[in-house]
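Please find the structures below.
In what comes next, chain A is part of two complexes: it sits with chain B in the first one and with chain C in the second one.
Let's turn to the complex of A and B:
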């Protein structure tokens, strides 16, 4: 009985960790290329989730749609639309502020996040209320003792892992990845190598924002409900995860995401009668980690010679 | 015949005050042209203006018949200019080989890139041994090799070299000059910024002396060797 319950917790922790990691990677990528924190990143996730929902409603109004077609369409709609939104944010709200103090960028992106969130609340039909999100993945389950391993959870984890592996592949094996990593190390020298800096920044924002949209869809499919505030919470958690991992490190962000989910899970197990405190527990540990290792868990190991 | 690079009266400013005051110079195709001048004269600023990193606010820069004064840096590189920047600026978290690859960023062909890497390894056998080492952990001399090799990777028409011998031992400095001459022998024109007047003039065709953002002397290497201003700029 206990084992089954634990398995349930672990599964839930993995799902959450995957979503956090997907969001955290965005923060770390954006910081890499532009040295900024994109505080509206979480709200981009919200808009992505609502775009997916709108696409679903649209398909069914047209009388089209089958489970797999729905899935493909909502994922594509959400990721492509958010890739575009991410590029617009970078191009028109963040890049023009490069000469200004970093605090101005922080303020602009915070306000932009509020605008996105409020726009969903006010302009999406009945956007102020939680909206049911369709359960598009097969719910079949394999019983392992008393623990039901659900196919939809496995599929979501596999898809999330696929996205992360894909990102790693792009970053480490492709010409685009080489350019992103070069810009992250030294913008000016990267430009001197013939890299189109603006294009690389925009592509990076497109990738990071599409990953947030993917996490938003996962969130909807997992809880079968979304609301205009999901991104606010996931944004704060994703940001914390990126910081504990060591901002700028992709591995660190992934590690940070799963670590945070692990802490929440431990919190929920240790405090079964007060699971509402699991976030308090997780954030308290994050604060302790920051006090212990102020620059994050994955530290830059290379001394940078000039 | 027009020169490969023609700079015509450029003014460049960082914040408010001009750092370059109407500089004009030319690099003839196939030559090594040197740029001498004491610290703070504006040599690096001139290189940055050519590259579009700090574009000139007035005047014109013509390269190979194209006006590049206001082009974005990546388009200037595409036109056929490469740079070995002041302070080498290797990417510390890239391996030696990745540093070379990023130098050929605009050449998409893997065969061409492989061929050029092999060529660089022939010039610097030491880099071949250390191809997988992170550039940030390399010695100053090795980093210099990486930076030079990276500058050659795009097979430029014109190579801008900013103080390559800074911080190197006398033996390595001499080796550096030999390599610059070899690069030039392959048909690559060079604008060389240097402080070692004697060795620089020995390999240059022509030269310019900068002081406080102005050209104060110009001529063939032989002419410059005898000139008063050159001596003053360095020994005055």
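Let's turn to the complex of A and C:
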């Protein structure tokens, strides 16, 4: 009995960790190329999840689709739309404020997040209420002793891992990845080497936002429910995860995501009151981590120039 | 000293008078078309004045005669209150404006002067509010004391955040307060002690046996019960406003400015960064908590939904719209932000969205706010 329960917790922790990691990687990428924290990242995730839901509803009213076609279409719709949204945010809201004080960038991304969140709440039909998300993955389970290993969870974990490995491949093995890394390291030198800075920034934002949309769809498929507030929660947690791992490092962000999920799962198991106060606990952990290691486990190199 | 600016008093007086008349007209208007027409008139008038360079004279007038104009503004506020003396709704609205101004002035000390980011303003407001809900119900403490305790508790609980806030900078500190705002709201919703999602009733204020929740009758004239709260809130705002101005002019304000503009340089000049950040954060939270405690008694009700992250962003929006660091701007922006959705019920549902869009437009096109903070004046009444 204990083992099955433990396996259940581990599975849950892995799923959470994968979602956190996908969001955290976005924060890290954006921080790398533009040195900004994109506070609306979480809400991009929300919009992505709702885009997927809308695509699903659209397919059904057209009477089209089998389960797998549905899945492909909603993932594509969500990721492509959010990639576009990410580029728009970078081009028209973050880049114009590059010369302004850091506070302004922070405020504009925060307020953009509010706009996205409120737009979903107000303009999506009955967006203020939690919406059921279709269960498109096969629900079959493999019984391992008394623990049911559900196929949909395995598929989602595999897909998430695939996305992260794919990103890692792009970053480390392609010319595009080289350009992104160059811009992250030193913008001016990258420019003098003939890299189109704006294009690279936009592509990075597209990639990061598409990953957020993917995490949003995953969140919907896992819980079979989405609401307009998920992004805010996942955004704050994902950001903390990125910080735990040290902003600017992709591996750090992935590590941070799983570490945070692990902490949360262990907390839920060990602390009896933690199940009711699950979110309170998560945010308390965020604050405690910031107090303990303000710039992450792998410390960010800070040099002060006066 | 020779007054080189030569700014006259009358442009300031004229503007305050016109603004007062405009506010009365706006508050008195009932029909939606009239309200929209008035709003358009207001925007056009301000834009025209800016175009004709009339605003510079007003600006000079405020810089030169700030204290006189401040007194005149108090008279103006009383005049507005006198006009609506028996209208519960408007008096409640005006009181709300005053208390939001107080809370935003607290935020202004944190963000505007010291540069300590706080995106949990509504949470500290809520701490004050829940304090007065609990203390008014459970104890017989004098209500003025309860308000002070509300502020102290907000400052105390805020101190828990001090360690992460002091150790982090900029974006990181912002996340600490955002996490706290989300934590606070979730906590209120799931716990049973403070009424859960339904919230709690708050007993009205009494002072020296005088119950604030009764209408006042003076010689056949009935004053709204909210007149009590209006007067107390106005006194509170005047106190906090003067405090903010004095703070800004003093060497403390100078230290805070240095801290905000360049932490490293400020430290090189021997300023104790941690000490001033702590001071600003604690004082700011105290003021926000005081405003919240009083506001709970005015509204008579507290619930988790009133203290969300979005509400914190509204406080930041007020600060940003008004012009960070300018207390006059804060009051003007508080009027706009509080009154607009109440008068135009059609936009009330969309208010978070609209304010967020307003702030985005502001950041892109006029980052210093409607009334930008003027250059520091080292002697009151002297041109900079």
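For the reader, a short list of remarks on this structure follows.
Here is the rule we use: the second predicted complex is superposed on the first by the 277 of 306 C-alpha atoms of A that agree within 3 Å, B and C clash if a C-alpha of one lies under 4 Å from a C-alpha of the other, contacts with A are read in each partner's own complex, and residues count from 1 in each chain.
Here, a residue touches a chain if its C-beta (ideal position, glycine included) is under 8 Å from a C-beta of that chain, and two chains touch if they have at least 3 such contacts.
A quick note: this is a predicted structure, and the numbers were derived from the prediction, not measured.
Judged by the touch definition given at the top, the superposed model places A:228 against neither chain B nor chain C. Note on chain A: of its two partners chain C and chain B, the one contacting more of its residues is C.
By the touch criterion defined above, A:205 lies against neither chain B nor chain C after alignment on the C-alpha atoms of chain A. Touch criterion met: A:193 reaches chain B, while chain C stays clear of it.
Of the two partner chains placed by superposition, only chain B is touched by A:181; chain C is not. In the overlay built on the shared chain, the residue A:102 is in contact with chain C alone; chain B does not reach it. Once chain A of one complex is fitted onto chain A of the other, the partner contacts of A:27 are absent, as it touches neither chain B nor chain C.
Note: residues 304, 306 of chain A belong to the chain B contact set and to the chain C contact set alike, using the contact criterion stated above. The touching residues of chain A, counted against chain C in their complex, run 36-37, 39, 93, 96-97, 100, 102-104, 106-108, 110-112, 114-115, 118-119, 122, 232-233, 236, 239-240, 243, 276-277, 279-280, 283-284, 286-288, 290-291, 294-295, 304, 306.
On the side of chain A, the complex with chain B involves touching residues 175, 178-179, 181-182, 185-186, 188-197, 302-306. Listed in rising order, the residues of chain B touching chain A in the complex are 51, 53, 72-74, 77-78, 83, 85, 87, 89, 91-94, 98, 101-103, 105-106, 108, 134, 136-138, 140, 143, 150, 154.
For chain C in complex with chain A, the touching residues are 111, 115, 117, 119, 161, 163-164, 167-172, 174-176, 178-180, 182-183, 186-187, 190, 262, 264-265, 268, 309-310, 313, 316-317, 320, 349-350, 352-353, 356-357, 359-360, 363-364, 367.
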